[in-house]
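The structures come next, written out as structure tokens.
Consider the two complexes below, in which chain A is the common component and chain B and chain C are the respective partners.
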Partner chain A sequence: MAGRGHGLGRGLGLKIEPFKHPITMDPNYADKTWKILEDAIHEIHNQNASGLSFEELYRNAYNMVLHKYGDRLYNGVAAALTRQLQAVAARVEAAQGESFLKELKARWDDHIKSTQMIRDILMYMDRTYVTQQHKTPVFQLGLDLWRDHVVHHPVIQQRMLSTLSDLIAKERAGEVIERSLIRATTQMLVDLGPSVYEADFERPFLAAAADFYAKEAQAFIASCDCPQYLRKAERRLSEEVDRVKLYLDASTEAKITAVVENELVREQMRALVEMEGSGLVAMLRGDRFDDLARMYALLRRVADGGLALMRQVMGDHVKETGRQLVNDPERQKDPISWVSRLLEERDKYEAVVARGLNDDKTFRNALNQAFEAFVNLSPRAPEYISLFIDDRLRKGLKGASDADVEAVLDKTMALFRYLQEKDVFEKYYKQHLAKRLLSGRTVSDDAERGMLVKLKTECGYQFTSKLESMFTDIRTSRDTLADFRSRLATKGTDLGLDLTVQVLTTGSWPTQGAAKCALPAEMERCCEEFRDYYLNAHSGRRLTWQLNMGTADLRAQFGSRRHELTVSTYQAVILLLFNEADSLSYKEISAATEIPTSDLKRSLQSLACAKGKNVLTKTPMSKEVDEGDAFAFNDKFSAKLFKIKIGTVSASKEGEAEKNETRHKVEEDRKPQIEAAIVRIMKSRKTLDHNAIITEVTRQLQPRFVPNPAVIKKRIESLIEREFLERDPNDRKTYRYLA
Partner chain B sequence: MNRGSKIKEKEKASQFKTITGASDKVATECLRATGWSVEAAIEYFYSSGLQAAVPSVDMKGIEALFAKYKDAADGAIRAEGVGSFCEDLGVDPSDVVMLVLSWRLNAATMCEYTRDEFVGGLQRLGCDSLEKIKRRLPEMRGELKDPAKWREVYHYAFAWAKEKNQKCLQLDVAMGMWQLLFAEERRWQYIDDWCAFLQAHHNRAISRDTWVQLFEFVRTVKPDFSNFDESAAWPYLIDEFVDYMRQRQAVAED
Partner chain C sequence: MAAQPRETVKLVSAEGFEFIVDYKAACVSNTIRNMLSSQGSFTETELGTINFPEISTPILEKICQYFYYKLRYQNSTARNIPEFKVAPEEALELLMASNFLDT
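On to the complex of A and B.
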């Protein structure tokens, strides 16, 4: 600081100086006083301070400083301390083995006590001389000198370190050691300053630990399986933390933890995760939640990629097992078990994440990605999932509680969410729903509606609007039919058979082209009657009969046995022919009924070739129906039940041709959606380059399906042709919107 | 830009050119200077001395030529007339020079010249006799060597060759035009592969976009397709053609 003591006066032009008067002083004053003080210091050091007068010593020191002997006093103290500490060092050095640390601690305690006393005596010097001359205060000087002469004494330094290391090594090996001495030693080092602790103990300690754990990791990895290793690593980590708490400085905790994590976990993590037979994959296979949790907790400590590694290995495993699952040819034969299996797989991994992986979101995402990847590997996934729901809503839910129904459907929705081709699912769902509604075989209206609500929440109003109108049609049909019947009753008309009609809105239902067939007169009359009634009530509408979707109940007499047969409309038409003749050729049946060939064959097949339901006999006998075959009424038919349901041979799973047709329909339906998306985007952006359009269109359509870039390109070209867009004349990769 | 107004501007320009016999450039210049009013533009044209740029020709000679070839039934030269016109000029009707000539006459349709196109065009060219036209033919042939003009002729060919009520060009016509255009020193080595590919895998009319983009493709993509970028917005037909060629080349290498 500039102008000590005079600063005040400078501004005023004044100078204030202490009053000076000549002091006559004993020329040996300094020597004498110092001698007293030196002796006192010596006594203090020898723990002999009881005979000293603090006041006198203080005054002496005070006077020395006052009389400008500060230098002399300070240097003298330093020299005295140094001498004493050299003697102390010699004593400590002499102590061997176990007594070494004890001696060190005892001397240290003494030194601190005496240095404190000396500091008190020299307090005036500390306040004035030391601050003015920028010297080290006495107490700190005492610590520094201790550091230099005792701790850094070559023999002591080396022995202290090796003693500490030996003790720690012993404890790591499981022996019981005297912790308090170590605690005292490390505390001493900390008191000497953080840098002393770090340089003289912590750094070598950490290096030794790294060395130790590197070796241990090698040994463990060679001898243990993965869960064992993880348990050991976990224990080591907690031991080291305890050690810090017991006898090291708190600042060491993070450092030693990092060392152990690095050696025991990070260095070995790949080997651990990928360990044959007991690594992550084995844990996942065996649902070993505790081991998974342990691995998760340990790898989470590795900031750079511990969990990423786990996620990746898990994702690959899920993808691989999933791939095998969806491509398993045996499972593909049965869509219901195919989907059930996927649901089980998902339940399993849900549990893994929830119970083994701390409910970690990133793992859940990885899981979802993996599922999405393999579920979509199978082009039939949308169809199978819809079939599964169909199965549940038909019969699977009978007897199940509402909550169970809800749970199964919710889980299935999770699979649905993975589907990239949601529009394909919609197609199938519509088909299956139509079958359920028309055959009146849905188990519960509530369940159906619940499913619809789920789809609506997932995909929005558009997705389900047609499905909803199907429900409306069924309800309206019920009313219409009731009205029709009451009209007939009032008119007194008897149709001779019980007609049920469902009026379906065109466009809302998956209708196959209205296949014609020649109805017997009594049936034809019913149809006419209904048509008249309906068109009368709703003028301007058109009715087309979808006979291929109908069913009929027939009463039949086989010898003496009577049965009621539930058959399709086509089958009923065929069977009624046998009222007139006992035997007919395929050609005759075909000519009389005009049923399309493939439908006719399927209908005949189920009437003549299905075991236990063969109400017709076929010559020659075989599984397939041929155009040269002949059919006869089977008099000898018998069955245990009165009511017999004869299904048409129709795969619940689609055949190759149907599949391609559905595929084609889906592709056609996508075109306008892709074009609409392109136009929507270009309308708002005006100009956009090719890749940006592809990205944006894909993003917009993602909730329904993932469009193929080549298809998008074709749509763009079509729009260019129709002059909705043009290419930028200067940059062919950029398109412009034409208003 | 608004398409409607662009089309109107084109109409006005052609009207202007028929009356004055001026070039495209002059027409646009005059019209723009007078705010796209045809009458004002014509007045401007004659008062500003621009008409000096139009070569003086014998209009009667041109009219006589037109009368010679024009179809008796209507007021234009039809296929038959074009045939004898070519014969008199001593060139094959399928010679590429006829395309260039049509381009210079601004003819809208293949094998057809309206009166405005024929008379106005020859006036602009300064040709009032068959001899004079003949003399100009080598020069026109040479114009295809100029990259900018070659490009213009290529673009022009699409509209010229297609049916007027259709947006696309019939495949056989398109292939014929390509064979004509990518011939001689402008030859594209894959022209035959391209046509074979189209017949086998496309067999439909060619859109204007595909037509235009093929020119760029031929111009910029290397023969080994090494600099072909799938994500570079080429029409899908060209994408598929490259796939097709690569497969064939791979098979050939095996």
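On to the complex of A and C.
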């Protein structure tokens, strides 16, 4: 409101002109006043200000500016300063050698002090004239003039630079130098402006450093091994950082470290990492955590690919050693040691990453990838890992604390994670678990359950549901059996032998087809008894006997010695035949027992051919059982122990045939899973081209196994046949979902 | 820093009247503050006395009053700060002095 329509107003930047004296001036006034000021400036410059009156000088300068002699004053000051500085430059130039920097510093300190004083007395000019005319303020003018006349004086400039470089070179070579002078000089350059510091000192300094370190890197790489080199490089880096802290400007730190990193690390990193006998591979082999940490710290500084190089070399090394490990024919014979070796390898690299590589996630990933790559090189990896767990859960627990077992199993789970064919593992695990459960060989129920929980968290409910129902079966069987026995006791029936039955749910267990065999009468009666009991208790169920999975304890008399034999049901059936006859031919046994050929052969083999457990003798004597062989009860059998366990020759590791069979089964099991995945995908996407389906299916099934594209193609074709899908009539490569 | 901070400063007018004011108050004027704190040894710094041959006694008195007025109220948040009265006949000279003293 106030300013509207009026030219005047407080808010409108009203300027009050300096009052103009009406009296006419002495024409020599300016000259006289300037003379006073010039003398004063001269005195000030000579550090001789005492006796001068600030007020008087200020007043004179004030009046000069007030009377429009600002130009005169300003230029006069500039000229006076220039003259003085030229004299200073001459003095500095005259100073040689060590005194040069001292002289420079002393002159500089004086100059700063006098310039400040001059600025103070010319304050009024700075405030009015300089701002109005857009001139450089007095103090800055002093600095600029110093820069132009002293620092950029050709001799001084050159000598300053060479003196500084010489000193720094001396210090790099290990000599003690006068740091405070360098500090003062660089500080002066910084005060003159960052660009002055950069141009007159920093740039040549960096170039010299690059040159120096390039040479040094050459020398080091030729004379030192990798750890030594790394130590030296590390020391150089910290030296340069200290140097910056001690006497250079802080802005230089990043630049000089970049130079040193570039010359000492980046240029040489490949040579270092791959150095024969002492590079990364040697460090990994020797578990040299400190050296690794050093290498990591140095290479991390190299933004473009330092760590990537290290990761790659490490990954390749792990893959290579892993591949050798996995394919080592000696180790392949023993799954347990095969897996433990892998676990050791993993422990080792875990330690490397944790202690040498700063727990770097990217390295851990690289490590996992490398492990995944080589673990899956062996088609038997799933089987071996399951066997290893089997072994731990059978006997490994004895003596080991729960925590230890947990730790081992956890580590094994880590290996399991690397597996691509998790369904194969599941298959084997099921088999092994079934054996453990049925033979009562599990040492700790808790450990078994713990393992199950681990698998569940890893692969989900679907993976373990069948395994869990196996446990339930065993538990209910125990109750059923107790009930059955008490029933027998109340009925007063004596079966003549002790029957243990485990009722298994069909489908949850890896059962082979129920092989029939002719049981001896007393066993047959037991079975009947149990069947009656069970079907009474649970109507509508069907009971089939899995004789191939049972065991029996027999008491036998060999001459005068008595022994208790633990044998499989088949073996028991065979042995019971010898109650009636001392000698039987293969054909007779086969006819009497009706045991399938392969099982019969295996049972006979373990009865007659196992050393120290040959309760039967075979003619002719040989390792293999043939159809023409004859068997006789071995009267002369003797053993130290009363109880003897005769295992079936079903080695822990699968034979070639069984392996193929399992393989085949797995393939069969995969088919519906692949089909289900295809249908799921097509149901939501309706149309999709071939490659997209393959990718999508692979992605969905990844957690369980990696499906083969050819197999997927077959499944698609089968689905088309069954009219779940059809090919797009226009594009043969595209499929459509048929609701 | 040149002189150790003084308690008081003596300001001398054109007519030779002396005003002794607190150092703090005198420093309301940037010019005076510079005079007293400038590097080197100007006479003002050494003696603690400043001559103003171009400022008359009444004006210097008014200036000293203003120093204390400024010091008293510059950081005050009070609502009713009293007006610093300047007589019209003094105004011009005072304006010139304040320009000189950068107050």
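In this text, the second predicted complex is superposed on the first by the 716 of 739 C-alpha atoms of A that agree within 3 Å, B and C clash if a C-alpha of one lies under 4 Å from a C-alpha of the other, contacts with A are read in each partner's own complex, and residues count from 1 in each chain.
One rule holds in what follows: a residue touches a chain if its C-beta (ideal position, glycine included) is under 8 Å from a C-beta of that chain, and two chains touch if they have at least 3 such contacts.
A quick note: this is a predicted structure, and the numbers were derived from the prediction, not measured.
Once chain A is used to superpose the two complexes, chain B occupies space next to chain C without a clash.
Residue contacts after overlaying the shared chain place A:N691 against chain B, while chain C stays out of touching range. Of the two partner chains, chain B is the only one touched by A:E721; chain C is not. Within the superposed three-chain model, A:G51 lies in touch with chain C and out of touch with chain B [touch as defined at top]. Touching more residues of chain A than its counterpart among chain B and chain C is C. In the superposed pair of complexes, A:M123 makes contact with chain C only, with no contact to chain B. Within the superposed three-chain model, A:R732 lies in touch with chain B and out of touch with chain C [touch as defined at top]. Measuring from the middle, so to speak, at the Cα centre of chain A, the directions to chain B and chain C differ by 120 degrees in steps of 10.
Looking at the shared chain after the overlay, A:Y62 reaches chain C, while chain B stays out of its contact range.
In the superposed pair of complexes, A:K32 makes contact with neither chain B nor chain C. No C-alpha atom of chain B lies closer than 81 Å to one of chain C in the superposed arrangement.
No residue of chain A is contacted both by chain B in one complex and by chain C in the other. Here chain B touches chain A in the complex through residues 2-3, 167-168, 207-210, 212-213, 216, 231-233, 235-236, 239, going by the rule given at the top.
Within the complex formed with chain A, the residues of chain C that make contact are 30-31, 34-35, 38-46, 50-54, 92, 95-96, 99-100, 102. Across the interface of their complex, chain C is touched by residues 16, 18-19, 44, 47, 49-56, 58-59, 62, 113-114, 116-117, 120-121, 123-124, 127 of chain A. For chain A in complex with chain B, the touching residues are 689-691, 710, 713-714, 717, 720-723, 727, 732-733, 738-739.
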